[in-house]
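Two complexes follow with chain A in common, the first pairing it with chain B and the second with chain C.
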Partner chain A sequence: MKTVMARLAKRLVAGVIMILVVASFTFLLVRLMPGNPVEAKYQSLLLNGLTPVQAMDEVRVMYGFIPHQSLWIQYLHYLGQILHLNLGQSISYEGTPVMRIILGAAPWTIILVLTGTVASFIVGILAGVIAAIRRNSPVGSAITISGSVLHGIPLFVMALFLAYVFTTIWAVLPFGAPYNAALTPGFNGPFISSLARHALLPVFTYALASYGGWLLTMKSSVISVLGDDFILASEVRGLKTSTRVGYIAHNAILPLFTILALSLGFMFGGSLFIEDIFDYPGLGNLLVNAINNRDYPLMSGAFLLITVAVIASNIITDFLYSVVDPRIRR
Partner chain B sequence: MSAELMHGKSAEPAVRVRGLNVVYATSQGDLPAVRDVDLDIEAEKITGIIGESGSGKSTLVMALLNSVGKPGKIVSGSVMVPGVGDMLSIDRERQRRARGKELGLVFQAAQNSLNPLRRIGHQVLDLGRSHEVRDLRDLLRKASDLLTRLGMDADRVLTSYQHELSGGMRQRVGIMFALILDAKIVILDEATTALDMLSQASVLEIVRELHKERGLTTILVTHDMGVVADMADRVVVMYGGEIVEEGPSGSVLSHPAHPYTQGLIRAIPRISGAIDRAVPLPGAPADLKTYLEPGCPFYQRCAAAMPKCQANRPTSLTVSADRKVACFKVTDHD
Partner chain C sequence: MSMRLPKTVLHNRSANPNFRQSFWGFAWRTIVKKPGRLIGFAIIVLFALMGIFGPYLYPAQLPINPNAIYAPISWQYPLGTDFEGTSNLALVVTGARYVLFAAAMGAVFTVVFGTILGLCAGYFIGLTDSVIMRITDFILTIPSFPLLVVLSTVWNFGQPVAMGFVLGITGWGGLARAVRSQTMSLRERGFIEAARGLGLSPLYILFREILPNVGSYIAMNLLLAVTGSIYAEVGLFFLGVVPFQVNNWGVMLNLAVFSAGAMSSPQALPYLLSPMLAILILTLGIVLFLDALDEMFNPRLREV
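This part shows the complex of A and B:
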């Protein structure tokens, strides 16, 4: 247990360093971008009739730093603000702290992508095991083909198709907006059921689009495990089929954990197409708006969030690996 | 041991193989791996099966369990095991129950025969549950006894994962798995090949002890003549998927009748003396082309080949007490 803790601590330190590197990189990137948005804002404030001191104060509040300070001082200031979880203020949503905007958008993305990923992971894995074990039968081929086809359809095509089928031809589900605007948000029955009904289509789309990837990866992993000697040995020893399938699935699923963790990390990048088509105010939409509006503080905040999420999920996978795979436990 | 068993004639064989044919599906067509094999494995004896790589030894023993892996396929034949029935025609559940419980196999790649993600002890329990063993605690005790017999620290092994054991230890664990359910028929397929000479000798010694103690029927698959000479009561020589010679090991090894058996024995290097005193067999082992020929599969490499051998396949005939040979030169008396 002590070694596990030491390992975890080492991982955490490495993670913090990685986050710092990425934060520094985003800091520099924003400053290297052509057009100098800070200067532009400062100038436009001057033109609006503010005095240089007022304009500078305004810019400082907005961006969290003073444009005429040296890059080094700005950098230290920026890092200090990050440590206080202050990511500055948005330009497009004037005066709103970036942190608050991101926290407001994150739940919508998490509802969509997390549910979609977990659902497609579970179904895809199970189907992958069946497709691999019955790969010479029509059932196995049908499952594999379903995976390839669904994997091949672009997300936005799938989204539009499903939206067309279920909201136009057979209008059983609502389209657009995350919930019925007539209801008051809160922990009450009508609101939650409206939330669920609205989420059904986008979650289903997301799950359907990622199901193929899980299925095909799991299938090839299972097939490679099936060729392992210990599987033949377990047959020769007369182990029950259920026990053998358990052996196979346990060994085959390990490589997929990494992919799952990474995709959960990238979840914080949002799923642009789905959020756009189904009109969800999630992180994907947020990021695109930030880019369109040259909202640099919001952009760097969103990038930083993705970085932290990916690094954190990596650390968690690493930790989980040492629980599920005894060969790594030491 | 009764007099009947000593003579090995009237006693019921532990395994009776008849007309066994196994093929491997390849891109060039079906490649026969075991051809028309008839074989009686005598009860409570050690039978050695010997032959070059690719001669069909391993396929034959896998077919005894009806566990020939794809792309292999058993085309015809029967494998009668007393108390079980024909392994090739009973239903799958009964086949499964017979594997491990009646027929224990230590598999060629026994070092990799364990699930890398479960402790050995857990795998023993999995085995027990699969075979409806009531007293799992007792099963673990048996496992522990066997492991101790095999010269290992049983407690450590049972709580270990595969990667924590050396190759030799894994091999012994494989042997433990074949014996733990008290299978009466134990098959060791190259089970000691990966071990160094000293471990091999000690493991074989333990196998011999257990064989006697438990009255087992043991089948040793090997390409090591020394192991056969040392251990086996009977020897079966395979070439190109066929049994070319069989008989009591002493008489077969001292007076080999089939040119292939003679060649095999000549090819053994001696510990002392020049290495070139060992004469390799000329030519290459049987391949798909050989099988398409109507004649003897050994024809191409045989020094004593006659014109008849090219056109006809020799059948296995009893030549003297208890010895069978498939060779015209031996069986034809003109």
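This part shows the complex of A and C:
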């Protein structure tokens, strides 16, 4: 267990460094942007009749740094604000703290991404095992083809297609908004079922988009495990087929945990499309709208939080991996 | 490589039994071996021609027709028309150049960065390796599509090369890691040790001894990077975060969904479906062509 903890601590330090680098990147991006939005805001506030001191304060609250200081001082100030979990104020939401906006949006994205990933992981892995074991039968090849086809379709094409089929042609599922606005949010039956109905289509899109990848990887992993000596040994010993499939699956699933970490980044990236197409109020939607409204503090905040989510989920998958794979613990 | 073969050899190919020397002839025979590969190859060539010559087939300003707004599919408009009555086929054909050129550039940059860094990390193990791998892990962890979206605020994506460069910068991580692990196993093999013993320079060993052995993997990744780049750039235009400068498939998708309301009005549907169809057909072509490429560049498969 000690090595697992050391590994975890190492990953945590690496994660914090990565978050710092990304924060510096967004700082430089906004600061060095052509037309310098910070300076432009300051000038427009001056034109609106504020005194230079008031304008300076306003800009500092909004972006977390002051335009006329040296880059280095601005940078330190900005990092200090981030350590206090202050990401400045939004422009398009009229002075609401960015932190409050992104924390309001984050749960929707995280719920969708996690449900979609878990669903596709489970279904894809089961289908992958079947496709590998029955690889010479029509069932196996049908499953494999379904995986290759779904793997090849771009996410936004899939999302548009599903949105078109299920909200326009055969309007059985609701579109936009995470729940029916007429219901009071809370832990009650109608609200939860409305929540689930609204989330169904986006989650399904996430799941379909990554199902193919899991299936194909799991299939090749299972096939490579099938050739191992211990499988032959268990066959010779006359173990039940179900027991043997269990052994195979347990060994074949291990390499997939490393891919799980990578796929989470892909899923959070996909939230930009899915939330935009289904008009779902999560982080991806927020990021796209922030850019369209030239709301740079909100853009930096949303991007930073997406990165933090990906890094955190990477650390969690790595931890899970070291728990599942006994070889790492040694 | 025998690419600059004298013309006479190509000319006398029926007379020359030792035809294997010619790479292009070999490539062609690999393609015709299976009908799927031929279809894939035909699709790729068709799209490449579309990207090169497409814009010359139509006037610079595509004709609009106020009487045929959202016209249904007909002989005059094989893919229907858009909100101004412009033929969707013309839009797809003229829009191909930006999309395909940027995707090709993106794939080239991805492969160049990924291959060079992967080879160096795998061959010069030690400090070089750990520095390069730190950067690779970083690139792999940062969600690349949101990064592209954020970069679109400062970077001018109007030029296909600029788009391709950024796609390459954000996309080389996976390839570098795979090339590194292959290089690591190759560097312990006998022929590399022999080359080292002969005192050949590391550059020679990397690019003349190791590179051909990972060539098929890289060639397949080049094609996969093309599809990845197409999805990413079309996605950027689709979301509307990049200012529209030229017509392309992503712009069409964006206008169809967010301006024309193709999701709720069936008459605008052809406008939405035509760029999607182009993307899907091209993806199909690339997937079909992949295994031909494997055979072409894999020296072990070629000997058989």
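By definition in this document, the second predicted complex is superposed on the first by the 313 of 330 C-alpha atoms of A that agree within 3 Å, B and C clash if a C-alpha of one lies under 4 Å from a C-alpha of the other, contacts with A are read in each partner's own complex, and residues count from 1 in each chain.
Here, contacts are C-beta pairs under 8 Å (C-beta built on N, C-alpha and C of every residue); 3 or more make two chains touch, one makes a residue touch a chain.
All of these numbers come straight from a predicted model, not from anything done at the bench.
Chemist: Here chain A is shared; do chain B and chain C fit on it together or clash?
Modeler: fit
Chemist: Considering only the touch criterion stated at the top, classify A:22 as touching first (chain B), second (chain C), both, or neither.
Modeler: After superposing on A, A:22 lies in contact with chain C but is clear of chain B.
Chemist: Identify the partner contact of A:251: answer first if only chain B is touched, second if only chain C is, both if each is, neither if none is.
Modeler: After superposition on chain A, A:251 lies in contact with chain B alone.
Chemist: Once the structures are superposed on A, label A:111 by its partner contacts, choosing first (chain B), second (chain C), both or neither.
Modeler: neither
Chemist: Is A:156 contacted by the first partner chain B, the second partner chain C, both or neither?
Modeler: A:156 sits against chain C, while chain B stays out of touch.
Chemist: Based on the superposed arrangement, let me know which partner A:286 touches: chain B (first), chain C (second), both, or neither?
Modeler: neither
Chemist: Report for A:148: first if it touches chain B alone, second if chain C alone, otherwise both or neither.
Modeler: In the superposition, A:148 contacts chain C only.
Chemist: Looking at the overlay, does A:132 come into contact with chain B only (first), chain C only (second), both, or neither?
Modeler: After superposing on A, A:132 lies clear of both chain B and chain C.
Chemist: In the superposed arrangement, does chain B or chain C reach more residues of chain A?
Modeler: Partner with more touched residues of chain A: C.
Chemist: Determine how wide the angle is at the CA centre of chain A between the CA centres of chain C and chain B, giving a multiple of 10 degrees.
Modeler: 70
Chemist: Rounded to the nearest angstrom, what is the minimum C-alpha distance from chain B to chain C in the superposition?
Modeler: 11
Chemist: Overlap of the chain B and chain C footprints on chain A, residue-wise?
Modeler: Of chain A, no residue contacts chain B in one complex and chain C in the other.
Chemist: Write out the stretch or stretches of chain C touching chain A in their complex.
Modeler: Answer in residue numbers: 137-138, 140-147, 149-154, 174, 227, 231, 234-235, 238-241, 253, 257, 263-264, 272, 276, 279-280, 283-284, 287.
Chemist: With touch defined as at the start, can you tell me which chain A residues reach chain B in the complex?
Modeler: Interface residues on the chain A side: 228-230, 232-241, 243, 247, 250-251, 324-327.
Chemist: Which residues, counting only chain B, touch chain A once they are in their complex?
Modeler: Residues 62, 65, 67, 69, 96-101, 105, 107, 109-110, 112-119, 126-127, 129-131, 161, 163, 174, 177-178.
Chemist: Residues of chain A touching chain C in their complex?
Modeler: Touch list, chain A to chain C: 14, 18, 21-22, 26, 29, 32-34, 148, 152-157, 160, 163-164, 167-168, 262, 265-266, 268-270, 272-273, 276-277, 284, 287-288, 291-292, 294, 296, 299-300, 303, 306-307, 310-311, 314.
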